[in-house]
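We just call them A, B and C in the order they show up, numbering each chain from 1.
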């Protein structure tokens, strides 16, 4: 197999290729006869000024990857189906304009409009103070952790594109979440697809580059609005256990898998799910569109992403009607609670952990039903416990 | 009438025209025979790096508009009269370098040097916590609001220039003040003038793009230093009522309309004014220069800008000797107090409100006197109440 | 003597020369026959996007000066000896991405990786609240001061290069630390060297541009890692008095001048030193490498830099193994304490103060021993008091 690597960004060597268009013709990898391309452009003006976007077109699927925002995926479309939501924040926001400590620590929301964004690496979840004590109860460390961590507002210092003559196209970015006297975590994120495919995968490695053990939390905030989401859209997922996060979520427990249409004043409802894995170790969540003709499926390796959160945010269209399908290493509670529950990862110095998930779009009723069947078969492997109320091990 | 629109910034389509010079020759609109021009340049270096400036020259008046800073006007000159003040902050500051929460919430001042800048859209005024309670006294929301709101540190994502064959030149910018789970307000700001005129106007529309009602406060911080301001300069304004903001302002109540020269250690004095409108619904404030040979006049629609604040800040020249003439929708107190006094605007979903003001420069004693006469005639329409001390409805 | 000035950055006139290479050939100053050069480049990508670096090569010494980060020196090398440390923060960080209030006020560390960076101008040292009271104990002002002040995260608005036919090469930058209703301090920083020299000097002037007196604190954070630092490396300095900052530093008092190798989990140890000056008024500190074959010497004018702090930070290599040699005007404690101890400078309006220091690299055992001899001779001029424990006048 022949392959080729093209560097788009490398701070060390001064590389920042915002003009190059990578195509079959430019690379000589045109065996497939398809019209794929990868191009990085720099946005100008507004709060997007200076944000780089990598437009990956595999011949069928379009993905907009944002190296400036932690290798998140701003939006995508697959054939005739757009994968996105309509955030009140219209364009990608440069991290320098996001003050995470604003509004009591939810300033992260000022830049939130991606289809897929990572929450992590050192922590994710609700803002709050994480206090660590020793056995005698003395405070060892105390840090205010704003919402969802730093990674979505850190830029990749290295980005390259790998192609091969099997039609594989991959974009890899390296992002450091680091400080002196702080965590020193590195994300190496690989997004891959094949020419003409309706699937793409994310393979991430988080490495502790520091000299002592470090904590890691990771959550993939995958957000969908219209047209996949709509009144009557459904989530299908095989689960061992489902629990509402709080009283508000408990109100909707009897129809937690069904979505409302845009509802002005709707207050978010969040459900915590312990997924069932298949033989290859993957969890599966399917969002079926209201008209049952299309769906998107997420598969995620439960070895390192053992939790799944459903974020129902079916507020008014103007306010960002969407739902979040969120595989994660721990639940999006404050890290102190997650640590107490044993869900925070600790990486030794120089150790790494991998996170893998993939996305597939169903564009017909048949394809959609096949995904739902897969969920149902999987559910038969285990009983499902549905908690009526928040439980002490999952909700603080 | 023929007209033409030229886009300078449009994030969505990737437009950012920092090279184009718009002139009679480039557009074909040269009937007037004047040498007007509009050009956007990008600043480089220092804290101004990445700030765009639109230089509008109407053949007589020069205006520097800053799309990167909420469509504020950095400085201007009209014939031989500069309209500006000499802030300690020398150059336009990129919003990414302004940490509004700094210094107890007055970090906004790190970027403050404009002739005209907007304070708003969700709030303006002194920093502090805005606590809202329900009828039972329970806290419904609580947010720390830093000084003067977000709008001056948000960049326009769309800017275009409109010209027509009557000699009209207008620059329109669209700025979003928005967040997920936050306000979703849009400013559409139109600055217009005519070829060879000594006047310009601002017509702003604020729209609630969100799905539920939203609060709006707007204040136009119009700041003048030398040469219009100097020892013996005077404010002329027709008012129904004038009140000092606090004890410090009350000290100077007997000469509140007269300005001192630069005074080291001077502590600011602020006066709240309820203006008298003319038949067309406009308030009027005139700043007369010390030598009585020139003046600047502000006219503002009192339907939506029913208040006027005078900010006397005649400190040392080195520290930013200036005065602020500030038409506004509410007074620059914390929003909680303004809400309690019924002065905060509530916009329904999709509703808009317009704010209009215009500026005129008098360049001779005759023109100056004509403006003062206009103020005096208007004052005869109503009695003037001058409060000796701060009053409970205007000062917290 | 003929000389020439080339402007690299000037915000006012729109100058930002990122393409020019200044050389003997380009300037006509080629009498020395050496191959020196000065070039400014702009970094792209990652957290370095938009950072300008001035690469000065004097024919022997290489220096990377960062106008975007307060004219700090990122790294250098002298012949075969690199002058640098390996911070967990790999590349120069754009100031817009440094939120100094983060992590309880130590966000400054997110951008800390320089060989030499200034801490100041209004304050430096540990984060904390500076409360000023009048004689009756009433609070006059209260401000939270984050770690090490603003200057390292402010960009120069003016930078020029001066060369002359004696082989002198100097880079001067002007940086304003200013705000409305705040300090108005200007740093004019001149870094100079000679063609083919192994020395360079920093001559800084801080001016109070404001209308009333202003406080100034300055500290030069000069940081060295491998190869100059290593197990057995030694600090040599002539001192009247040495004191540990705290109990942790007191633990290591008997070997405070000797460095350990990289030690995982090492907690920093800080020593305060009152240096002895030579006849020309300079203090001297020498860092001798473990193999005794090389050293770096700092000389600093004690008239305005009467203190020297040793920061031992010999943690794991991965976490940023280094030591800091820090001449300063006051000690790196909170400003309130330093003011109470009479160590904070007050500058009248329009007054200036100069700070000077110079660096010299020894590349042989002979050169190294000559520096150590110089320290020892100087020590004979005064007794040395070594405090076993923190003292009330130096540690809060």
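As a convention for this text, a residue touches a chain if its C-beta (ideal position, glycine included) is under 8 Å from a C-beta of that chain, and two chains touch if they have at least 3 such contacts.
Worth saying up front: this structure is predicted, and the values here are computed from it rather than measured.
If touching chains are joined by edges, the resulting network of the protein chains shown connects every chain directly with every other.
Residue numbering shows that subunit A and subunit C use the same positions for less than half of their mutual interface.
We define each chain's centre as the mean of its Cα atoms; on that basis subunit A and subunit C are separated by 42 Å.
Under the contact definition stated at the top, the residues of subunit A that touch 2 or more other chains are 50, 96, 99, 101. Of all the residues in subunit B, the ones that touch subunit C in their complex are 41, 43-50, 87-91, 94, 96-97, 99, 101-104, 106, 109-110, 112-113, 262, 264-265, 315-320. Of all residues in subunit B, those touching subunit A in their complex are 9-12, 14-16, 50, 52, 67-68, 95-96, 99-101, 143-144, 154-159, 176, 178-182, 184, 209-212, 349-350.
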